[in-house]
Every structure is written in C-alpha cells, then in structure tokens.
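In the two complexes that follow, chain A is the common piece, with chain B as its partner first and chain C second.
Take a look at the complex of A and B:
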C-alpha cells in the first residue's frame, strides 16, 4: 500500500493538480498571445505579431470612457465597502459574543446570493425611487457585494490582534477613539488596504448588476460584453490581457501587504 | 514618585449567576507591594480589571488615594499597567512606545526625551530605543512594557501575570528586577499571579484568592507559616493535611497516625491540622515532645542537596516530607520503614473541607 501511495497515487494526484491549474490558467495562455496579433480577427495561434489592438483600445473614445466609468464606480464602491466593512468588523469585535456569529453570517450573506437577484432587487428599487441609470447607485450596489470580502479580510486581521494592546493604550491615558487609532488601527491598516484593493476589483469586474442598472452609459465589462456580441475584435483580447496584468499585480501586492502585516502581528 | 493607597470596599462582580468577585474588601497601603494570588477563576484578574477600569463592578467601591474611581474610564485613573503579553505597540519603536503616555499628557519634547531615557536606563535598555518590538527578546519586551508603564510616574502600578510568558530562568531574573524597580520607584504595586513562589518572593502582602473571595491576606511568611484554611495551606507550598477526631479523655486522635495528642488550645476544636513537609524529621527517639510514628517510604525524589519523600502512613494515606542532606545523612530507599516525627507546635489547625487525608502539593 505504501509503495502505491508513493508511486502511482502520488503521480495521479500531482497530475490532477496540474490538470486543474492548467484548466484554470488556460484562457490566459490563449488570450495574451492573441492580443499581440495584428490580424483583423481573433485567431489562435496568432500570426503577424504587433500591438495594433492595444493602440486601438487606447485611441477609441468608447473604450476609454467605459474604462474611466468603471474606474470611478469601482473607486467609490471600494471606498464605501472598505469604510462600512471595517466599521462592521469593529462593531462585531466590540459587540456581544452571543450575537457575533449570527451577525457575521448576516453581513457576509451577499457572497452567497446570486448577483442576478441582487441586480434585480436593486433594479426594482432604482425604478421605484427614480435612481435608475445612476453610476452612484451602481457603486452602492457594488459596495454591497464587495463589503463581505472586506469583513472577511479585515475580520481575520482583527481576530489576530491582541486585545490587550488597545487596553494598554487606554490605561496609559488614551481615550477610546485615540486608543483605537494608535493601538489597533495601524495593525489593521495593511489588511484594510488589501481589502480595499480586493473590493475595487470586485466592482471593476462586475457585469450583471451594471447591465441591469445602466442604460445610457457603459462600464468596461459592459463594453467587452457588447463588443463580443457584435463584432469580436481582438481589442477584447488586448483589454482582457491588460486587465489580467493589472489585477494580478494589484492582488499580489495586496496579498504581500496583508502577509507582512500578519507577520508583524504574529511575532 | 510615591505610592497611593488603594481600597476595595465590598466590590462584587457577577456574570449572570456566577460571582467572579464577591464582597471583595482590601486596603492596600501607599507604596505596598500587594499580590493577588490564586488559580484561574479565583477572581484575581477580575479584581485587577475593576481597579484598572476595564470591568465595571456590580456593587461596591474602588478608591485610589481616597478618591472613588468607579465612574472613571481607564485613561483617567492615572495607573500604569503591565500585561502578560507585553502589549507593546508593534508599529512603534521602543522609544515611541515608552514616550506614548508622556505624549498623551502633553509633556514637552525635551522632557519626553529625558524621561524616556531615564526609564530605559532603569530597565537597562538605554541603547535599544530605536529597535522595533519584534526585534527584542521576551525579557526585553517585558522590560520595555515596564518602562512604558512607569514613565509617567503613576502612583499605582498594576501587573497582570507579567512574567507568565517567560521561561523559568528569565522569570527568576525578572523577579529580582521587579523588586529593584519597586524599591527605586516607591509606587504602590498590585501584582496578579498564580505562581505562589513568585508571590512569596516579591510581595509585602499576599491576598490569597479562591472562588471570587479572599481566603487570607497577610505577609508572605505569615501566609506560609500560619495558613488559616486548608485551601491556603495547600495552595502555598506543599503540606500534609491530617484529620483529627475526639480521642480518649483530654486528647484528640490523629486519624492517619493512629496516635493521641493532648487537646491543648486550638487543637481541641480543630478538625484538621497542616504539617509542612520540612517540619517532619526522622525521630529515632531524640527530641522531647516529638509526635512519632512509623511510615514506609513509597517514593523518593532525589534533588541533589534535597530529597523529597512520600511515605505511607500506618492509618493509610500518604505523607510528604523532605530532608536536607546534612553531614553523614543517608538517603532512604523505597520500601524502607522509618520512624518519623514532628513537633506539636508545628502542627497547625486549619479549617476547610475535609477529605481523605492525602498529601497535596501545590
């Protein structure tokens, strides 16, 4: 049995592992090469390499304005989600232990609710109260779906905090607010920033709610979707490649920040 | 800096049906080193938290320097505090950590530098002001925490198991340090620990606590030599609890030894006596007034200069005793039968729950 475990089954497990990784990463290995093609159509493998479609993207007012809109919405959404989520974590931490678990489930529920339902709900509300086609309302909806991630990330950091550090600040002479900002907040900050980056991309990537909410304007995912339906130009590949690179850099940066902070606290 | 008096007057803290602290009455004198000693759940930490302002008492009054502080938040009580987990601010260097309470009090910059320097000098870390907490050893961190807690010269310093996270050697070295700080500063110290050795070594007085109440308050030597209850006798050091019952006319019987002793004074009313292991010696018919009996050696714990024995008594039960290895002394072996004895004056009547008389080590 032992021989088999170190032999065949070990090989099978690692083959399975790399199979799954390849499956997940496959689109990246197709999209990025295609984006550097100069041909008129999406074609793999690419012939005639060049950056023509990147130029198209940056020079096309429609693409650029969609990108700017997505950026604005994501910025507002992540700001709201980060502030509200962090405050939720603090109140969960300070609140009664009995209700903490239940409240945490409640606050993080948007994670398991399909976006289509949230989209429908927000859409109905938007029509009812006359804020349809508002990017601020869209940012609000995005903040709702991004906040659970903030609560999870910042909450994990908060649980690692030694509560006596804030007590020490209090007894040394700091009021409750001052004690929080001088003892607890600096240790939470890396996690808060990481959560903010995460929240930003939750909003930046989101298509369904945006599709319901906006009619006169387009976010970047909406533009990609429309482009794919109509003409399938390699611009989409160029945009996607850019998104992959930017997202990867931001996420890795945020994760490193979070880990380094965990290291400082975990000493 | 001089210390302030601390008073607890009928302080209680209930959590639902549980009394974490019940009718806690204690007067700590200015400059005194007072230790709350007890196992976890004995109320010692609750009492400290009530004094620090982290926990609100259900009833009663806490006073510092004659002033009731019950309504004050922790930051207005002007007490220093050292925690078991050091609780240094991880993002501030040593200097900034120690300067923190001074900055909150609006002390001028040059004065901050001078006083932080003095405090770090006292804990012998003057060169490490620029280090971050994670770059320090456990003992160094605790010394920084101590410097931070006293830099603003609080009249009362609270210490919550400050040596609990350190290893044995370091703990002993730090005990001496704390004694030195106390002598130098003169502030009142309220110290919480579950380590009886630490309490005996450091304190002016010890409040032994159990189940939310004070079992006994006294100086270390009196707590050790004259425990009032079985609980205190067993918690501080090691002891043997022997049961008494009425014997022949004018005598009480020590059940485990199967012998009668004259019912003098307190012994007449007592139901149990406590005899410390070091008060028991080999009898060999030497001393006047020795209560002697035969026992069989059951266990031998050889510590070099000291040997601990556990012996089986004629009436059942075990008895702890110990011997220093004086000139010519032999070490007993398991199974040896030996004549042992103790002086009646070393047998101390104690109150408390009765149980089969077995020797209990703390």
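Take a look at the complex of A and C:
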C-alpha cells in the first residue's frame, strides 16, 4: 500500500516536471516551425514551407546593420566586462575578507537594480556631457551591467582554487605576475571564457539602455522591438530562430566548459 | 601611497566603470527628480496627487508579488524533483531549465504573441474544435501578462531553490524515517523548513526582476496592464526626464522596501514551520 502510493507520487511528480519543462520550452517549438513558413501570416502549424523570411532577413540592410551593431557593442562590452571583472576578482581575492565582502556587494549591485533605472541615469548623464548616441558609451553601460555576472562566475572559480600552487611558483622564484599567469590563470581560463560568453549575451539581448541612448542607430533588440510593436512580420520569427540556436549552442558550450573546469578541481 | 596603489590597482577599472555608468548616473537621476531648475518636490507631489500614477505603482507591485508567489509555488516541486535524482541526471535536468532562461525576453514574449493572438494557436484550436464561434480575446489581457511573466521568470526561481536544496543533508531525512516518521512527516518537518529559505530567496529575486519588467507587459498586455517601467519610458519619450526620474526612484524604493518586508515575513514563517 505504502509502496504503491510512493510509486504513484513519483510518477505524478515526474509527469508534473515534464509538463513544466514543456511550458518553459514551448517558444522553441512555436517559433522555429513558424519561421519556415512562406506565408505572410503567423499561422500554426505553418503551411507552404520555405525559407522566405530568412532571405528577407539576410537581404534587408536594416536588419543586417542592426545585427552588426549589436555584435560590435556586445563584443566590446563583453571584452571590457570580462577583463575588468577578472581583474577585480583577483584583487578582491588578495584583500581582507571584510573589504572583499563589501566591495563584492558594490560591484554586483547593478544586478538587482532595474535596467530602466540605470538606463535613465546613464541617459541623463549622456545628455549632460554630450555622449548620447555613442556606441562606445552604450558598450560601457552594457559592460557595467554584465560585470557582476563575470565577478560572480570567475569569483566562484577562484574560491575553488588551491592557493598553494601559486605560492609554490613564488617560492620557486617566479615574480607575482609570472606566478599568476603560469599557475592560477590557466585553471581560471574556462570560467573566464564562460563569463565572457555570458556577458556577450547580456549586452546582445539588452533593449532598454540602447533604446534610451541611441537615436540615429538601431541594435538588433531595438529592431525586433520596433517590429513587434507595429506589424509582427514573420521576419522576427526567422531572426528569433537564429538567435535561439546561436545562444543555446554558445551557452551550453560555456556552461560545459565551466562545469568541466569545476569538476577537474575535484568537485 | 604607492603601496596602496600597487595593492589595489587591479580594482580601479571596475570602480571606474561603476562610477561612470552606475553611481554618478544614479546621483544624476536623484538630482533630476528634485530640480526644476531649483530644488522642488513637485514631481513627487504630482505622483501623489494623480491617482493614475499611484495606480500604476500598485499594479506593478501586485503583479510582481503574484508572479513571485506563483513562481515559488510552481517551482518548488520542480526543484525538489531535480534534487531527488542522481547527480549526473541533476546536471542534465538543470540544463533543461537553463535553456529557456538563455532565450531573450523579447523572443519569449513574441512566442506568447504567436500563441495567444487572434489567429494564434489557441484560437485556431478552439475554432477548429468548434468550442467557440469567434476568436477569443487572449492577447493584450492581464492574464497573458501573468502567464508570460511566470514563464519567463520561473527558471530563475527553480535554479535558486534547487541550489539551496543541494546544501541540505539528505541523511537528516533518512534519520527522521528511521526514527519512525512517515515520508510526508519527514518532508514536512525536516525538508520543507530547511529548503524554505532558498525558495524565499528565489521568490525575492523573481519579485525584483518583475518590478522592472518592461517588454512583456507592453507586448502581451493591454493598456490597463502598463507597469512602472512602461510609464517611465512613456515619460522619457515625452522628454519629462525629471518626472521619469521621480518615478524611477519610486520604483527602486518600492522594490527595496517590499524585499525587506518579504524577508522579515519569510524568517517568521520559517521559524513557525520548523
């Protein structure tokens, strides 16, 4: 009797689990099929299959230049966030525990602040100092909201490291910089790359700061946003499908890299 | 001095970035909210005087609280289920939760537009089955906002609750069983009290993210579903930066105060249950 009941609740729980997974994942199974329809309308299931909307996307100068702009901004933002964030982690690792805690709070604060708050602040500042409409400034703002994730990811990897290896390198005569790059850096690298990928997509997907700062140019999220508010053309389905595939591959790769690095250290 | 610089220089770029793109802009925003051009509280008075602005604030708070509560409720058994699996399977299942999380909010809101629209999947099915004569209005409703926000934020809740559960020593459950507790009693007396804290943390994160939501209410909600972030954007478009700043401060203060209240209540409940 008891066995039967636990058997049933196990089954119910796993059915519930897969139901929720379906609820979470349904955008993939809606958007990708619809992107391969040649029809003007978003009908499901799609009739008249083809790649018409992919052709529209790749041949439309507006979509292509929005994609290129997003790519450039995200690349710069993730480079800055990753380098600056990693430097901060190294510095914090060497500091006293209490200062480290306080500074980590400060650096990770932008995570919990609504983006619209940051967007408005940066926008007001940009107008005052005349750097509105600057892609570099946008990348800087994106780097600031991505940096907390870098500090958290690389910081977690740093805490799992064995400090005696670097100390051993120092004892054997390496300078502090050389000791770091030959002992600590190699095992930190997977986490740094994972953090960089993550930072890239934080910037690549960001809408509201870009929307406030840029007036003459458009990033990809801005283009999608404008499209969704007006007409909902199926081109968005094609763009979204490409984004889903690219993001998933990049993130799964980054996550595996991070996991494997954590595993190697005897997790 | 030189020693100080040498010890801390690695930190300076991060501090610089925060100053330029976070701290100074925040101060600028606060200043803008109380200047016109001299010191004034007129923007805050305007919020307090006009019912419509406060109504948007309360709705934002209400939507965020409900979404956070639903996420905690729906997500808890999922986190529990994942935590029951062998370690290898756990990684795999967490991946399944992560994949939708990595999709941009724009894309996930768009999927809801496709599903709920006049010619959307649900309406096509309803018409096809003859359950309705005319398309039902599903898109641009408050219900659509709740469903879409829950779907977008649920992974955050599950991942947070799950990682807290992995810290729980499952031997305690076994001990309770050995000592004669029924499975449900062991769950209720041992596991739930220990896992509640992580679940509340997850709900707080979901709540904070909800408060700033902008894309989803605009795309799948109707006019009546405008949230604070939408109102702020609306004011910025009309070049009312000072008023928008006052609203942004209201958003931040409302969020922080509510988080403190939830945390306090959560601690109280955890102690009661244990």
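Simple rule for what comes next: the second predicted complex is superposed on the first by the 255 of 267 C-alpha atoms of A that agree within 3 Å, B and C clash if a C-alpha of one lies under 4 Å from a C-alpha of the other, contacts with A are read in each partner's own complex, and residues count from 1 in each chain.
As a working rule, contacts are C-beta pairs under 8 Å (C-beta built on N, C-alpha and C of every residue); 3 or more make two chains touch, one makes a residue touch a chain.
Note that this is a predicted model, so its numbers are computed, not measured.
Trainee: Consider chain A as the common anchor and indicate whether chain B and chain C clash or fit when overlaid.
Mentor: Aligned on chain A, chain B and chain C fit with no clash.
Trainee: Looking at A:20, would you say it contacts chain B, chain C, both, or neither? Reply first, second, both or neither.
Mentor: After superposition on chain A, A:20 lies in contact with chain C alone.
Trainee: Does chain C touch more residues of chain A than chain B does, or is it the other way round?
Mentor: Comparing touch counts on chain A for chain B and chain C gives C.
Trainee: Name the contact category of A:41: first (chain B only), second (chain C only), both, or neither.
Mentor: In the superposition, A:41 touches chain C alone.
Trainee: Classify the contacts of A:120 with the two partner chains as first (chain B alone), second (chain C alone), both, or neither.
Mentor: After superposition on chain A, A:120 lies in contact with chain C alone.
Trainee: Can A:164 be said to touch chain B (first), chain C (second), both, or neither?
Mentor: first
Trainee: Determine, under the contact definition given at the top, whether A:244 touches first (chain B), second (chain C), both, or neither.
Mentor: It touches chain C, and chain B stays clear.
Trainee: For A:187, using the defined touch cut-off, is the partner it touches chain B, chain C, both, or neither? Pick first, second, both or neither.
Mentor: A:187 contacts chain B only, not chain C.
Trainee: Quick check: superposed on A, how many Å separate the nearest Cα atoms of chain B and chain C?
Mentor: 15
Trainee: Could you pull out which residues of chain A sit against chain B in one structure and against chain C in the other?
Mentor: none
Trainee: Once bound in the complex, which stretches of chain C touch chain A?
Mentor: So the residues of chain C in touch with chain A come to 7-11, 13-14, 17-18, 20-22, 24-26, 28-29, 32, 74, 77-78, 80-82, 91, 93, 95-100, 102-115, 117, 119-121, 124, 151, 154-155, 183, 208, 211-212, 214-215, 218-219, 229, 232-233, 236, 241, 244-245, 248, 251-252, 255.
Trainee: Could you pull out which chain B residues touch chain A in their complex?
Mentor: My answer: residues 52-54, 73-75, 77-81, 83-85, 87-91, 100-101, 104-105, 133-134, 145, 148-149, 152, 158.
Trainee: Would you pull the chain A residues touching chain C in the complex into a rising list?
Mentor: Residue list for chain A touching chain C: 6, 13-14, 16-17, 20-21, 23-28, 30-31, 34, 41-44, 80, 83-85, 87-88, 90-92, 94, 103, 106-107, 109-110, 112-118, 120-125, 127-128, 140-141, 143-144, 147, 151, 201, 205, 207-208, 211-212, 221, 224-225, 228-229, 232, 236-237, 240, 243-244, 247-248, 251-252, 255, 259.
Trainee: Once bound in the complex, which stretches of chain A touch chain B?
Mentor: Those residues of chain A that touch chain B are 162, 164-165, 167-176, 178-179, 182-183, 186-187, 264-265, 267.
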